[in-house]
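Paired with subunit B in one complex and with subunit C in the other, subunit A is shared by the two complexes that follow.
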Partner chain A sequence: MTFDELTRQTGEWLKGEGPHADVVLSSRIRLARNIAGQRFLSKAGESDRKQIYRAVADCIADVELGGNTLILDINDADEIDRQLLVERHLISKQHAAGEGARGVAISEGERRAVMINEEDHLRIQALRSGLQIGVLFEEIDALERRIEQNLEFAFDKRFGYLTACPTNVGTGMRVSVMLHLPALKLTNQIELMFRAAKDMRLAVRGLYGEGTDAIGDFFQVSNQVTLGQSEEEIVEEFGSRIIPRIVQFELAAREALLSERVNLLDDKVWRAVGTLGNARAVSSDETLFLLSHIRMGVHMGRCKNLDLRKVNEMFIYSQPAHLQKLTGRRLDGAERSVARADYLRRMMGSQN
Partner chain B sequence: MTFDELTRQTGEWLKGEGPHADVVLSSRIRLARNIAGQRFLSKAGESDRKQIYRAVADCIADVELGGNTLILDINDADEIDRQLLVERHLISKQHAAGEGARGVAISEGERRAVMINEEDHLRIQALRSGLQIGVLFEEIDALERRIEQNLEFAFDKRFGYLTACPTNVGTGMRVSVMLHLPALKLTNQIELMFRAAKDMRLAVRGLYGEGTDAIGDFFQVSNQVTLGQSEEEIVEEFGSRIIPRIVQFELAAREALLSERVNLLDDKVWRAVGTLGNARAVSSDETLFLLSHIRMGVHMGRCKNLDLRKVNEMFIYSQPAHLQKLTGRRLDGAERSVARADYLRRMMGSQN
Partner chain C sequence: MLCQKCRKSPATVHLLDIVPPDGEKIERHFCERCSAEEGLATPKQETISSMLEGFIKQSAGITAGADLSCPDCGMTFREFRSTGLLGCPNDYKAFEKHLAPLIERAHRGATHHVGKGPARLDEGAPGVHTQLAKLRRQLKEAIKLEDYEEAARLRDRIKTCESA
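Here is the complex of A and B:
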């Protein structure tokens, strides 16, 4: 797969498929791994980094992540391309902004990716649209085994997998889901959900992970514990108990809106439709805010002239790097707002 | 003219005609007068008030304000009807909320009105769409003469006409215009204009006069001085020098928007179109805010599918009392927001 091909597809995480896709945008498991006998990155010089990069890249080329894998040297990559990968949830903000030899390998359908030399030597990621933690676990487990046939990971009998940051030691596993909770927000129950999540030692973050704000009712919820619980226990608790319960809360709030406050619901949905179909300048944040309401409206059958595919496409391509790829020009913030509004009006089928 | 007929017409002040109608909604002159030999209202008992009411009403019936005059007993009037007259700028908020014998006489086209027992025994008003201070002055002068043939006014050789409030003593005349200044607001020059107006001893108020906030870029500007200047001087200075200068400022700001920031302009205009065509609940204030932007867009040729007549109609009938008259039901605030949104969507020709 070339980078251009990647740019043209909308990717896995916003496909809108899979169980509970009306609330769960995507599920993700990632494993933090380091190569035995190599320095951790905090102690590694550039020649170490290069050696690690080469070793992992060669291994991935052998192993094949699935389909036609793209292996990208992030250090060499254009700034907009790096930003695009962040917007696709294929690399972290930190990885895009970092320095030195580093890269990412991405499977054809974007379901599997490996960041090389991010915080750890390897960050292996499996991603699926909808709530699919169990499936993902089998997948990442198999992938890890294949990689482990070529690379030996730093492992301690007592602690488990060793990682750069102590919060990852043990399983080195983080399970996360991207949730869309507009009804909990509209009915002022979202803080309640946050408090419950905190009590269960879950982290709640914004759309682009660590250090980003929640915008447009999209929340990334992930497990915090990597030590003292087996992978299977985490997957079972998180994927089959905790997240389904949050999904139920959101669906109950949507039902309550439909039966008791349908006018409030429709007001939010249709104002968003009216604004996206008419504005001449829109920021990324406002776009997410408005698309959140439209997505809710589509899932709840409140605006039948829009479909989910279109909403997801707007979601992806209205992001700064995607927008610049789409227009084929470098744009500053003000120019992006105008180009974004033009793109969104076209997508909304607006005559205005 | 019956009250129902009055309700069905959109009235003079928002007709959208006359000189500078793109900036000046309407011009108004009112005279404060009291009947010689009768107690001022602050000292008057209810029987005095009744006597005054009767004397003025009889006089108006004889004089004829023009066409088929409606004389309304405000004390007997329904609350919504009183509120409707405030929204039409035919009586003041204070007059609607007051107590005791009081009324209003209104000419068929709403160009002339007399409030009876408001703060003074008579408040004689002449109103025209657009900037027409000179015409109004001739009109109100003639009207006053006709009334004076039947009623003797309290007058002092040194001070001039005597009025309940000392700020009106002298000419007893207040000249005001309702201005629409969206471009000065958008380009952050409105405060400058306010300061200049203050220096010229003008009062700047909101849409419904004294004690109301400016909403949606509509401002009522009036002269403050009634003593030491002749009526002719006031009319000349206010109508031919001060207001035309403010109009020029606003038009220059509109030109600057068109040539330098047309995208900002269109963004405001079209967002307003999108919101009014899609919202399911809208407050009065938001409606004025949005209609202000649409009115600017129509005058500047930015949205050709809407015309001024429609904008003015929405302006009038989206107001609380008008809306209740239109739906034929008493509505609380929340119900009004929904009914208003329904009415506005229909008027905007929205399919959503």
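Here is the complex of A and C:
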């Protein structure tokens, strides 16, 4: 797979399919692993880094992530391509901005990816649309077993898988879901949800993970504890108890809006449709905010001429790097706002 | 009330001397400057210095083990505390004593891994690691169910397993 093919394909989490896809955009499991006998990256010299990069890249080429895998040296990617990978959630912001030998391997369909030399030597990730944590774990576990036939991971009897940051030690496993919670926000219950999440030792973050704000009612929720709980326990607690509960709260809030405040709901949805169908310049924050309301309206059957997939597509392609790929040239902030408005009007089927 | 020595500044230091044998009371009132000239440490100064001392002791406690360093990668514990990142797998051994409480705090009191391990450790007859992890899981479960007899039995088996 080439980078252009990657740009053109719509990734897994765009599908808008899977259990609870109306509230859960995507589920993801990520394993942090380091090669035994090698230093972590903070103390690895450039030649060590290169050696690790080679070893992991060769191993990935052997095990096949799935389909036609793209293995990319981040240093070979220009700024827009790196940003595009961040917007697709294939690499972290830190990885895009990092230094030294580092890369990413991406499977066809973007269901699996491995970041090489981010904070740890390997960050293995598997992703699916909707709430599908159980199957994801089986998938990533099988993938890890294949990788470890070629690479020996640093492991300790007491602390489990050893990671550069002790907050990941143990299973090294982070389970996260991308949630869309517009009704909880509209009915002022979102703070309650956050507090409950903090009590359960979950991290709540913005759309692009660590250090990003929540915009447009999209939140990333993940487990924080990785030691003292087995993988199965984490998967069970997170995927079968905690997240379904949050989904239930959101759906109940949507029901309440529908039965008690349908005018408020329709007003939000149709204002958003009106703005995106007519605006001549729109920022990415405003787009997320409006798409959030439209997405809610689509799920609740308030606007029937749009579907979830189309909304998800707008969601992805209205981001800065995607827009620049779409128009085929570099755009400054003001130009992007205009290009974004043009793209969104087209997608909304606007005649104006 | 004015300082009884300079008769200019307000008196802020008040002393009460009880003179033996008949317990005669002598009151003295000074401003801050005059009390210093009289060689009297003000209570305020004492508080600050004792506060500072406490603080120094405390911060020494926070950076206990600061000068430990890992023979493999040269990382010091102090360096780790400032960046949050370790330098190599051996740091977990080199800093174990000081790192363990931090890890415990970050992981809701957990002290041991109970999840899966690398397949290589499971080769041959039932891998010690897998067995240990399974026992620890069962122990947790037994404690949850308040089956202390079973818990004690499991704890013994874990001990035997660990020393094996």
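Here is the rule we go by: the second predicted complex is superposed on the first by the 352 of 352 C-alpha atoms of A that agree within 3 Å, B and C clash if a C-alpha of one lies under 4 Å from a C-alpha of the other, contacts with A are read in each partner's own complex, and residues count from 1 in each chain.
Here, a contact is a pair of C-beta atoms (placed from the backbone, for glycine too) under 8 Å apart; a residue touches a chain by one contact, two chains touch by 3 or more.
What you see is a predicted model; the values in this text were computed from it and never measured.
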Simultaneous placement of subunit C and subunit B on subunit A, clash or fit: fit
Included angle at subunit A between vectors to subunit C and subunit B, based on C-alpha centres and rounded to the nearest 10 degrees: 100
First (subunit B), second (subunit C), both or neither touched by A:K43: second
Partner chain(s) touched by A:A341 [first = subunit B, second = subunit C, both, neither]: first
Greater subunit A contact set [subunit C / subunit B]: C
Which superposed partner A:K304 touches (first subunit B, second subunit C, both, neither): neither
Touched partner set for A:R271, first subunit B, second subunit C, both or neither: first
Overlay on chain A, subunit C to subunit B nearest C-alpha distance, Å: 46
Subunit B to subunit A touching residues, read off their complex: 263-264, 266-267, 270-271, 273-281, 303, 338, 341, 352
Of subunit C, residues touching subunit A in the complex: 72-75, 83-89, 91-93, 99, 102-103, 106-121, 129, 132-133, 137
Residues of subunit A defined as touching subunit C within the complex: 34, 36-40, 42-43, 119, 141, 145, 148-149, 152-162, 164-167, 169-171, 173, 201, 224-231
